[in-house]
C-alpha cells in the first residue's frame, strides 16, 4: 500500500498550506506509514479527525511526536508555525455540542500561528449572551460562526459585524436537523449580506479560509 | 360536477371553524357553484388562495358579496364574525416578501373576529428593528412568526417571548431557499423551546391554530 | 472543557423554562460537570435523551439526586415544580413504539407541574379504539398527538376536537417511514385546520409548547 | 415520425388490456397519427391525460369518434367493452381536488365494462362523512382510495374494510404536500395491513390493478 | 409499561387478520409481556422482524411455543391457520439477497393457511431464468414480485402475466440503490399496467394484500 | 456581450470533438453572434437543444446554413463529417416519448459520420418486441439504451448483449418518474454488469461516449 | 401596502452596505413605491434581479434615475460609490451561461467602487484556457469563481491560487444539474483548502463577501 | 437455504462474464455454500466486497483456494483468466481514500486477464500531479477515473484525453459529500463530452464496462 501514499510536497510552496491528513476512515497502519514518510522528509503535518482510539493505537515513538487534542480530534506532528501577533479571528459557537468543530478551527489556526478567541454557548435562542460579547467580536477581522440546528447565529452576527464572516454548519441535532443539512441551508439562504459558508462540520476548512484572508491582509 | 361538491355543514358546530374554500387549482366555474350552494344554505365562507384573476372572472352578483383583499388572496363571502376585544395575537413577518402569508393569517383572524397586530420587515439580519418592537410582542398571548430563507426570526422571538409561538415558513427565496423547505427545517430544528410550526406558506392554518388557543383562553 | 459550559441562568426568568440538558452525544464526564455546576448554583435541571448507560455511569452521588425514567430517557435533577390542578393536556400515542416520545412529553409536563393523561395504542388503522376515548380527549385544552408511519392520528383528532393540537411525528418505522420524515410531512400537510407540528421525536418541545398555552390560560 | 409509432397488437391477447395512449406531452399531430393507425387496424383505444386543448385541436372526424370526459381527461376511441353485472369496485376520493384522478379510475373501469361507485369528499378530517358511507364501501370487492396531502383516508378505510384496497396518492396541495410525495409516503407506510399503492395521480393504473383482481374473481 | 400494551382483539373479526407484532426495536422484555398477554387471552400471534438474538433471549417457556424461521425473522406463536387447497400465489425474488423479504411473505401466507410457491434468483439481467418459469407463474392468481436495485423484475412479469401483481422493493444494494428508494420508485413508475406496490422490505404487507385478494376470490 | 463568447478552437484537435453549442436558455441574439463568429472562422458547429421557436427567429441567412431537425432539436451548422462504413451503433428507445433524446444521439452520431440504427418502442413491459430485435442489436459494437420511468430496458439488454452499453435515462413520466431521477437511479443500480450511464436526457453525451469507443476501435 | 415597506436606514452605518432591493417576485408598483421612499430620503439603492420587463414598466422619471444592465439584471438608483484604486478582485466564470451571475457580482462591486476583472468561459473541461490566465488571477486578493454543472472550476483555482476564493454555484444545466444543487455540493465538498461558498446564483452575496475582505485589508 | 442459490451457468457463454458474488450482507455460511457449489461444478468465481472478517471465518480448505486482496476486498476463487498483452486501461484515483474502489476495478480487470496501470493521489486540487502523468494516461484506450468529494478529476481528464472515460464516484467524505451522491451528480453533469458514469463505489462495474470496450476492440 505504500505506493498509494503520495505526499504533496509542493503544496506548502504553492498555497502556503502544509499537508493535512484527514484520518477518519484510514487504518492506523496507513496513518503510521504516512507519519513515517513525513518524518523522513522532515515535513510537519496537521492531523484532522484523528479519533482518540486511532491516536492511542499509534506506536509510542509516533505518539510522542504528536501534540494531540481530543475534543477537536486534531494532532500537530512536528512543530506548528510560530504565533503571530494579536488575535484577529473570533470563533463563535452556538452551543457546547458545536465545540468539536469550533475547536478544530481554533487548533488549525494555532497550528498556522494565527492567534484567535473562542466564544461558546451564545446561540440566539438566548440572545443576550451574544449581545454581551458583540463588541469584542466586532473588533476582529474574521469571524468563524459555528452552529447546528436552525443555525441562526451567523445571520444575527452578519447583521451586526462588518468583518469577514465564515459560517460552519454542524451535524448536531436530530430529526430534520440530523446530519447538518438544515443548518447548511439555513446559512446559505441567510439574509445577512456576504456571509460565506463551509461544508458541514468543516472547522479545518473554515480556518484555512480565515488564513487566506489573514494573508491577504498582511 | 355538482355531485362532487359536498359542503361540510357540521364543521362549524363540531370544531368552531366555518368551511374554508382553498381556491388555488379550482376552476372559476367550480368556485361559482360552491358559492351558489353556500348562498342557498345561508353559509358564510372564507375563501383562501383566490387569485385576482379568479376573483375578476366570477359573476358580478357573486363578486359583490365578497370582501376581497388581493395581497393575501382572501375573500369573505357573507358576514365575518363580530370582532372580539383587544388584540391578543401579533403577526410578525421577517420581510415584505412574506406579507402575502402574514396577511392571510391576519385576514383569517379578522374573519373570525380576532383582533391582531401586524409587524413587518423585522428580520434578524437587522436585529434592532425587532428589538424595538419586542415589548409590544411580549404582551400578546400568541405570536405568529412568518419568515422564509434562513427563518431565524421565530428562534429569536422564541427566546425572548414567553407566549405561544407559531412559526410559518414561506417559500420566498432562491437556490436552497426556493420552495421554503430550508425555512421549514430551520423552524423545526429551532433551539427555542416550544416553537410550533405550520406547513410552508400556511398563513390560514397558523390563524386557525391561534384561534384554537384563543378559545381555550376564553 | 469547563469553559465550554455556560448555563443560562436567565432563561427561567425570561421564559419560565428551566435549563434543559440534551444528553445524547455528550460524554458522561461532560454531563457530570454540568450537574456539578448546577448543584453548586442550586439550579434544578431537566435531563432529556439521557440513555440508560449514560445514567448508570454517572457517579453515585449524582445518580441519587436524579429521578430517572428509562422509557422516556428523562431525569429530574433537583425538585420538579409542584403539581398544579386537574389534567388539561392529553398525550395520545398511535402505537407502543411511539411511547418513548409521548412519555418524554408527559415527563416534561410533570417536571413543570402540569398534570396530564396518557392514552396509548389508538392508531387510526383500528379506529374504534380512538373513538372510545374521544370524549375524554375533547375535554382537554391541549392534545399532544404522537405518531409515526403515516401519522394519520393527528388529522383524525384535529377533525373531532376543538382544542389546541400539537402533532409530534416519530422516527418509528422502516422503508419510506424510516427516520420520521414521512410522518412529519403527513402532519404538516394535514387537512385538519390549525394542527401545529414539532420536529421528529421532539416530545420535550411539544410539552414546552403545551406549557406556553397553559400559561396563557392562567 | 411515423416509424416511431409501434402499436402493441399483442397486448390485449397477452394481458387483456387494450392499448392505452398517455397523451400528456405528445403533440396533437402525433396523437392524430396514432388514431389513424388504430382506426385502420380496427383497434379501440383508451386515451388518458388528453387535455381539453389537445382534444379540441384534433380533426373533426377524429373528435367525433371519441367519447371525451374533460375532468378525467380521458377519451374512448371506438367502442368500450360491454358492462358487466353489479358494481364491485368503490372509488373513494378524499376531496373535490382529487376528482380528476378518481374519475380517471372510474372512466378506465367503465371503458373495460366494470361498473363502479364513486364517493367523493369523505376526507378523514371530517370523519363522519366517511363513516356514513362505510357499510356501502365494505360490500365491494375492491376499494380504490384516492387522497392527497396527509392521505390518511386509505389507512382508515384499510382498518375498517376487509376487501382489496388500492391507494392512489394525488399531487394536490402546497408546501411539503406539493407534488404528492408526502401522500405517497404516507400510504406506503400505512399501519393498515395489506394496503397496496400506485404512483402519484395514477388513476388509470389503479383501475388496471382492480381489473386484474376482478378477472381473478371471475 | 404494561399499560402501554393494548392488543387489538377486534382486528381478526373486523378484518380477518390476527394481531401481528412488529418486533424490531422492541425490547425482549416488551415482547415477552405481549406474549404473556396473548397466551392468557388464547390469542395466536404472528411475530415479524424478530431477530435471532431477540428470539434466543426470550424465556424458554415462550420460545417453545414459537415456530421460528431465522431467514425471514418470523415466528408463529400458537397454531397457524389450516392450509387451504392448491397454491394460488407465486412469490418471485430477483436475487438471493431478496430472500429475507420474500420468505417473510411466504411465511405470512403459510401462517394464514395460504399455500404458495417460492421462485428465487430470476432477476431480469439473466432473463432466461425467468422465462423458464413464466408459465408456472402465469397459472397463479397473485404474483408477489420481490426485487431491489433496479427492480426491473415486476415490470417484466407485469407485461407477461395477467394476474394480480404486488411489487415489493427491497433495501438490497449500495450507492444509489442503498435503502431501497430506487427500487421503490422504479416499481411505482413501471410501464406495466396495474402493478401495485408495497413499502420497502414489506413482505408481510404484500402477503396481507394477497390474502385480501384470495378472500375476495373465495 | 461579445467578449463573453470564447469559442474553443483547440477542442477538435485535442479531443476530436467540434464545438457543440447548447442553445437552451440562450437568447436568439446570443446564438446568432456565436454563429457569426463560427462562420468567420470557418468552424462547423453542432447545435443542441435548439428549440423550434429559437430556430425560427434566427436571421434567414443563418437558418439557411443550418440542417435543422425539430424532434431532436439539433442543427448542423456547416458540413457534418463524412459517413464512415456500416452501422456499429444501435440506439434503442423504450417508448415514443423517449424519441427526442434517442434522436439527439442519432443526429450527433450522424454529424460525426457514424452510421447507426434506431429502434423504438421496445420497452420491456412488452418484452417480445425487444426479443424480436435482439439479434440485430447483438451485432453492434455499442448500444445506446434510452428509457424513462422504471428504465428496465438497459438492464435487460445488458444481460443479453456483450457489447458496450450506454444507458440514457429520460425525464419522461409523472409522479415519482417526473424529471428522470427514478430512471437514472434504476440504471445506476442495474444488475447487468458493466452498464454505463449518462445524465438525464443527455442523448448528445451518449453519442460522444459512443464516438470515444468507435475511435478506440479504429 | 406602504406600511409594509420599512427601509433599513441604519444598515449602511452598521455594516457599510447600502440597502439592496431584491426585485424578483415584487410587483412593479411595489418597486416604484420603494424607489419613491428612497428618493425622498436621499438614499441610493442597489437593485438586484430587476427583470427587463419590470424595468421597462417603471415610470419614466424613475427609469431615468437608474443605471440598468440587463444581463445581470441590476440597477443603480442614485450615484454608485467612487471607484477605488486597482482591481483586487477577479471574477472567473466557467461558461457563458454563468455570466448573468458573474456579472451581478461585477456590478455589485462596481456599485461599491471596487474595481475588478471579469474572465469568462474558462471551464476546466478545456483546461488550457484557464491556465493561460492563471498568473493574472493569482495576483488578485480575492477570486470569485462562478460555475454550474460539475463546478470543478473553484477546486482547480483553489489549488493554484493562495488568495481568498469565493465559489458561486449556478443553476445552469439540466438533469441532475438542474437548479444548481449539484454545483453547490461539489463546491462545498471541494478538496481545495479554504474554499468558501455562497447560495446558488448569489452573485450579489459573493460581491458582498469580497467587500468584507477588501475592507479588512484597507 | 440451498434452494436459494441458483448459479447462472449461462452467463459466461452469453456475456463473457463469469459469475461474480457480491459478498456484502451475506452470511459466511451462505458464501461457503456458494463456494461449494462452484467447486463441484468447476466454476471459477470473482468474489467482491468480501470483508476481511468474512474471509477469515471461511473454512481453511476454502480460504486456501482464494487469492484474497484486503484493500479491494476481492477474492479470486479458482484460476483467473490469462493475462492478455499490454495495458490498455488506466485506473486513476483522486486520493488514497479512493483506493479501495480503484483497486476493486484493477483486481477485476486482472481476474479477466486485462493488464492495467494504477495511478493514485492525483486529485485536481493539486493539478500538477495529474499533468505530470497525463501523457501516459492519453496512451490508454480506456480510463477509469475514481473520485469522491467534488469529483472534478474525470472532468479534467475528459477534457485532455480522447479515449473512453468511465467515472466512478466514491462515498468518501463527510457533510454533503457523505455517501457519494455529490460526487455522482458532479460526474453526471460534467462539461467534458462523453464521460460515462457508474454507481457510487462500483469499481467492479467500471472494470466490466472497460472489458466490454476491450472486447469490441479485439
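Think of it as A, B, C, D, E, F, G and H in the order they're written, each chain with its own count starting at 1.
The rule is simple: contacts are C-beta pairs under 8 Å (C-beta built on N, C-alpha and C of every residue); 3 or more make two chains touch, one makes a residue touch a chain.
Treat the numbers as computed from the prediction; the structure is a model and nothing was measured.
Looking at the partners of chain A and chain F together, the chains they share are G, H. Note on connectivity: the fewest steps through touching chains from chain B to chain D is 1. Listed options A-G, D-E or F-G contain a single repeat of the B-D interface, assigned here to F-G, on the basis that more than half of the contact pairs agree by residue number.
Shared residue numbers account for under half of those found at the interface formed by chain E and chain H, and the copies are therefore classed as meeting with different residues.
Relative to the C-alpha centre of chain E, the farthest chain centre belongs to G.
Once the centre of each chain is set as its mean CA position, chain A and chain D turn out to be 56 Å apart.
Centre-to-centre spacing of chain D and chain F amounts to 35 Å, using the average Cα coordinate of each chain. Averaged C-alpha coordinates give centres for chain A and chain E that are 49 Å from one another. Centre to centre, using the average C-alpha position, chain B and chain E are separated by 45 Å.
Residue positions of chain A touching 2 or more other chains, listed in rising order: 126, 159-160, 175-177, 181, 184, 188-189, 193, 199-200.
All chain pairs that count as touching, in label order, are A-B, A-C, A-G, A-H, B-C, B-D, B-G, C-D, C-E, D-E, D-F, E-F, E-H, F-G, F-H, G-H. Taken in their complex, chain A has these residues touching chain G: 14-17, 20, 141-142, 159-166, 184, 188-189, 193-200, 204-205, 207-213, 215-217.
For chain B in complex with chain D, the touching residues are 1, 3-6, 8, 10-11, 22, 24-26, 30, 171, 179-181, 184, 199-202. Taken together, the chain A residues at the contact with chain C in this complex read 71, 96-97, 99, 120-122, 126, 128-129, 172, 174-178.
Touching chain B in their complex are the following residues of chain A: 94-95, 123-127, 148-152, 155-156, 158-160, 173, 175-177, 181-193.
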